[in-house]
Amino acid sequence: MSRVKVGIIGSQFEADIHAASFQIMPEEAEVVAVASPTEGHAAALAERYGIPRVFRDYREMLREPDIEMVTITAPNRLHAQMTVDAANAGKHVVCEKPLCMTLEEADLMIDTCKRKGILLQYAEELFFTPKYLKAKEMADHGAFGKIYLVKQSEKHFGPHGDWFWDVEQSGGGVFFDMGCHGIAFCYWFLGRPAIKTVYAQMGTYVHRDKTRGEDDCICVIEFADGAVGMVENSWARRGGMDDRVEVFGEGGCSYANLHMGNALATYSEYGYGYAVEKAPTTKGWTYPVFEELWNYGFPQEMRHFARCVRGKEEPRSTGEDGRVVLECLYAGYASAGRGAKVGLPFRPRGVAKPIDLWLETGKEQTK
Amino acid sequence: MSRVKVGIIGSQFEADIHAASFQIMPEEAEVVAVASPTEGHAAALAERYGIPRVFRDYREMLREPDIEMVTITAPNRLHAQMTVDAANAGKHVVCEKPLCMTLEEADLMIDTCKRKGILLQYAEELFFTPKYLKAKEMADHGAFGKIYLVKQSEKHFGPHGDWFWDVEQSGGGVFFDMGCHGIAFCYWFLGRPAIKTVYAQMGTYVHRDKTRGEDDCICVIEFADGAVGMVENSWARRGGMDDRVEVFGEGGCSYANLHMGNALATYSEYGYGYAVEKAPTTKGWTYPVFEELWNYGFPQEMRHFARCVRGKEEPRSTGEDGRVVLECLYAGYASAGRGAKVGLPFRPRGVAKPIDLWLETGKEQTK
Amino acid sequence: MSRVKVGIIGSQFEADIHAASFQIMPEEAEVVAVASPTEGHAAALAERYGIPRVFRDYREMLREPDIEMVTITAPNRLHAQMTVDAANAGKHVVCEKPLCMTLEEADLMIDTCKRKGILLQYAEELFFTPKYLKAKEMADHGAFGKIYLVKQSEKHFGPHGDWFWDVEQSGGGVFFDMGCHGIAFCYWFLGRPAIKTVYAQMGTYVHRDKTRGEDDCICVIEFADGAVGMVENSWARRGGMDDRVEVFGEGGCSYANLHMGNALATYSEYGYGYAVEKAPTTKGWTYPVFEELWNYGFPQEMRHFARCVRGKEEPRSTGEDGRVVLECLYAGYASAGRGAKVGLPFRPRGVAKPIDLWLETGKEQTK
Amino acid sequence: MSRVKVGIIGSQFEADIHAASFQIMPEEAEVVAVASPTEGHAAALAERYGIPRVFRDYREMLREPDIEMVTITAPNRLHAQMTVDAANAGKHVVCEKPLCMTLEEADLMIDTCKRKGILLQYAEELFFTPKYLKAKEMADHGAFGKIYLVKQSEKHFGPHGDWFWDVEQSGGGVFFDMGCHGIAFCYWFLGRPAIKTVYAQMGTYVHRDKTRGEDDCICVIEFADGAVGMVENSWARRGGMDDRVEVFGEGGCSYANLHMGNALATYSEYGYGYAVEKAPTTKGWTYPVFEELWNYGFPQEMRHFARCVRGKEEPRSTGEDGRVVLECLYAGYASAGRGAKVGLPFRPRGVAKPIDLWLETGKEQTK
């Protein structure tokens, strides 16, 4: 059976990860095209990874008959339209996180893909992160008994790409950008129980000169099975990328640290090529990681998506997952505005972007 | 100048720590008496530490003219009366945490001691924990720039002493028992800024057969200087005692782990004498600590209290600190009941014990 | 280009790793046959991995015309004959470590393969271990300046397979079994400088009831470039598999721990499926690893060997490397016997198996 | 009983540690005098620690009738004469490590003190290091069963004080300066079994511009009870002080790291006051320790020495221990020169300083 032909929409940080991931695990898929409006960027990516076709308009790329799957790495506000266009062109979709800006968009994406018989796959790589899969394997085996608390945290000192800082384009700050990982993780780890309530504490502590978005957030989620999820995120934490999971059950606990917890403890007077995502330096004490993409699970994730297109596996991360996460993000922003936990289902009308639920009502409380 | 003569009220876990602490740093104080109503317990403690005088009634001990300072390690509900009695007897007081059951009691204790010219010292050992003092020293030196988040966590699988499980005697569960440490720590670490709001998520997840008190709690505190404190506590965490601090500022961060982070990584087929407080076993992989009391800071704390009695140092931890913590504990329980952050000052009337603010109004929300 | 067809000789621990590795990275090779004299074992492996053809005599398997490469996982004393047979049958060879029993055998293997135009690839997986590759990448980038000391250590509580304990079959104890990894590692890490001298301290400390072979060994190697290698191995270290590398240069250092240093710190009352190779239990505190084979580098290694057969890569680990390691093992055993460092080249005559160089002359010195 | 009156000989790094240590645990001793030939240095120390009397000639200080104990922190070549002078003046002696330059000196020191009824105490602080004491406590309790290997390592990037680099003054390089700790540690940890053989690998790898002394050393010691000690030392290891112990027995193992293993993992953009001995910076990732002297055991050691003077404790570290260590250092240097293990007893004649046993015979072998 031939390899799935893939087109990538976008040419920046995430697009590079997708292209590299398909190359690391090449047996199920190959990238045949890339589309990006910024002249030169798509061509550069294409050259880096030997991608034969380059487009400036993704809609043109969608007309290529051999492409079976597109991956969307464009800014959040474009996800919905691109997904609808791809579905209408008969292409399976892999959409980066967060799924989109509003619940209305999420519904449209899900409905359109369903109607067109298209797979809408949600790119939550934490479902494929090897170290975290081991935590889930142990949990599912009963190692911890009944779990009452799951924590997921991702922190660094601020995003790639200028558009992240502009909430008009991004839809929110670090909670929207990275909290979506933690929410998805806790939800999936616990076996997708209904979310009952969400509470979030957020503020713009360090980067007020750059953004109206929150740069640090603590979010507490109550699930219907009685467990609690805690999601911590920061764009204000110095020292390089930090990603952790903690699991607590009546019978045990586990601590998984994806960066310092895998790395080589290293001291260098002279520095070297690369330590870890967003590391400030390679001199002095550093914690270089190895095979970074593989340890995040990106190649495994992309391989899975291709296999799903071929019917070899059942989708593990869908538009519906992305929609649950988005509803929880809505509730988190509203909670931060109100200073109170917000119950689900939660579907306020007229939301232009999630962060408005905080910015418009409550930010002054956190000053 | 002679050593301060000390009487200990109580004979259990905490009393033992006090007696041992004065022995480890003997140059400023000596324990000359112990009082406990349980026959045999006080005598056993006295024998263990060579304490010459033993009393069944602490009021009798308070009549000893040479005793200058008493330390109170009795159950929480007795703290206020004992403090008042000691003050009236002209003895300086060291009161274990939490300070007492109600804000009315706290006011009475503080007022009585002030009126009598008596030092009311609040036994918060985290103000003396060497590793945490180093974190504060770095913070005060500017290592982290402006701090926006401080975390303190203490977790184990449940308390010594049966009375802790009975909320009538203890006043609350793990948030009351150990959250008081974390609240005090964040408050002190940040330089005692006013507390603006408190939010708490709590539940009885594992020990419902034993207690109505919460056995796991996450508490988020907003301070007037814009920083956030996060206090996490558990009586449901397996694997032995765990105590941690994390500090995050715009210019850096620090992670301090008091147990596994100091310990010897050890594997034993046969076991050995003692690993760490509440360790389930000494076989297999364990993390034995060394000089446990010293690393908590107990001897240094007791030495400081004695030196304050002699006027050699200024009290670093007072009844007022204990009162701030208690108000924050009130607010936390009320918050857990309401599902919303609670602003300070917060002084509800008619509170018999702090946990009532949760039990009576809101516990059903966390089921 | 079609995938390389592979036959595995052997059906035990290492054979299983080979079969699993080809399955994890399937795009370059496929296992089409397995041969093992022990009835049932080969069939079981074949069933586990869907291998179509099963043989009891490897020579029969060598007659299959489509097989291009065989991997040898049989006991050490069989390596030479199998390699020669495979070369004569025109099959490329992947030979497990150590290369063989004697230098005469090594020469025969290398010469025969060269004469027949056959690739003799030496299965040293540490050349492919992702974490250790990162250490080398930093070293080659100049992070540590001139390196003066490299350490490699592998320790557990004793081997799989009974034949390892019998020095007649294995050729030596832990130094032969696992020291070969460390020697190869230091040699390769430093860029294959000539080995000047070898010193080894060894003894049978714990398993005298089971073996005449050494169960703990410290080996110090002087290289021609002035650097020192230190190789430590044990079959007497409790607590599960342990594999580490340390690098020291005038400009820096790095510490890489392959097991606890990647693992999730985990406590379980109930246990779970699998923690790590040779872990004594999954209860209490354990350090489960994830994707164990990948983190050792086995799939990457097997993929590389297949790509070399296709001419896509240059062999990174050859029979010559295995021969250098074997000479160093000879010198180490002789050194332990003499109590003095042994210079290379070192080629004593009439060696039946490497451990004889220690057993026959010097073991009494270590009692 | 009054406190033991102490005079310190020397005013540099070690003298400062002694003065600080007596101040940290003041209840048994007080420093009343300091002597140093370098004008100003002694006065500075005296001012820093409130020491009332200052001398330029230690012999003058020895005439003070109230001084009961002197501590010797002068360069190694002066230890013997100072000890003899102190003994003749009737003062108990605490002598810093290594004990002296030659075995003849050691014998003279021991004999003179014995004859004069003077305690000759050897300042090996590792016998008092709290973390290492815990390892010994577990070992003595049987946690590891029969121990077959003990490792002790101390590494940094070079000593305080210029005289260390000059082997005429120091007697040797890092093996002499710090290997004496590791030798003493293994010997004591195992219960003082006779030393059978010593092997050492050493070289001047990094600091040839500064010293003829070795700057990195690996030493393997065989004890009469069958156990092996491994001592590793470096003046060439970047990144701040590093001190570790590892214990391996048939029933278990333990890893104790005195620096990073106690420290707070800290990142700072701005730096702060002090991280750890010989740390290159306080910016970036650093591992600050807390209560450094206490964690080494210096105050406990000095307190012990004072208590021995008062007869309250039995000397735990004596001139005889220092002599055993010195003999082992002799053997190590000779071994490095010969490239072979050296058996004990080992008493070559005409040794001016230990390093000559290497420099004169064998250094060329390590080039």
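For clarity, chains are labelled A, B, C and D in written order, and residue numbers in each chain start from 1.
Heads up, the rule we're going with is that a residue touches a chain if its C-beta (ideal position, glycine included) is under 8 Å from a C-beta of that chain, and two chains touch if they have at least 3 such contacts.
Just so it is clear, the structure is predicted and the values come from calculations on it, not from any experiment.
Shared contacts of chain A and chain C, meaning chains that touch the two of them, come down to B, D. The mean-CA centres of chain A and chain B are about 41 angstrom from one another, to the nearest whole unit.
Chain D has its Cα centroid 54 Å from the Cα centroid of chain A. Counting only residues that touch two or more partner chains, chain A has 238-239, 251-253, 265, 267-269.
Because contacts link each chain to all the remaining chains, their graph is best described as complete. By the touch criterion given at the top, residues 26-27, 130-131, 133-135, 137-138, 141-145, 251-256, 261-262, 264-273, 282, 288-291, 294 of chain B touch chain D in their complex. In the complex of the two chains, the chain A residues touching chain D come out as 238-239, 260, 265, 267-269, 280-281, 283-287. Only residues 146, 148-149, 197, 199, 201, 203, 205-206, 216, 218, 220, 222, 226, 228, 230, 234, 236-239, 248, 250-253, 338-341, 365-367 of chain D touch chain C when the two sit together in their complex.
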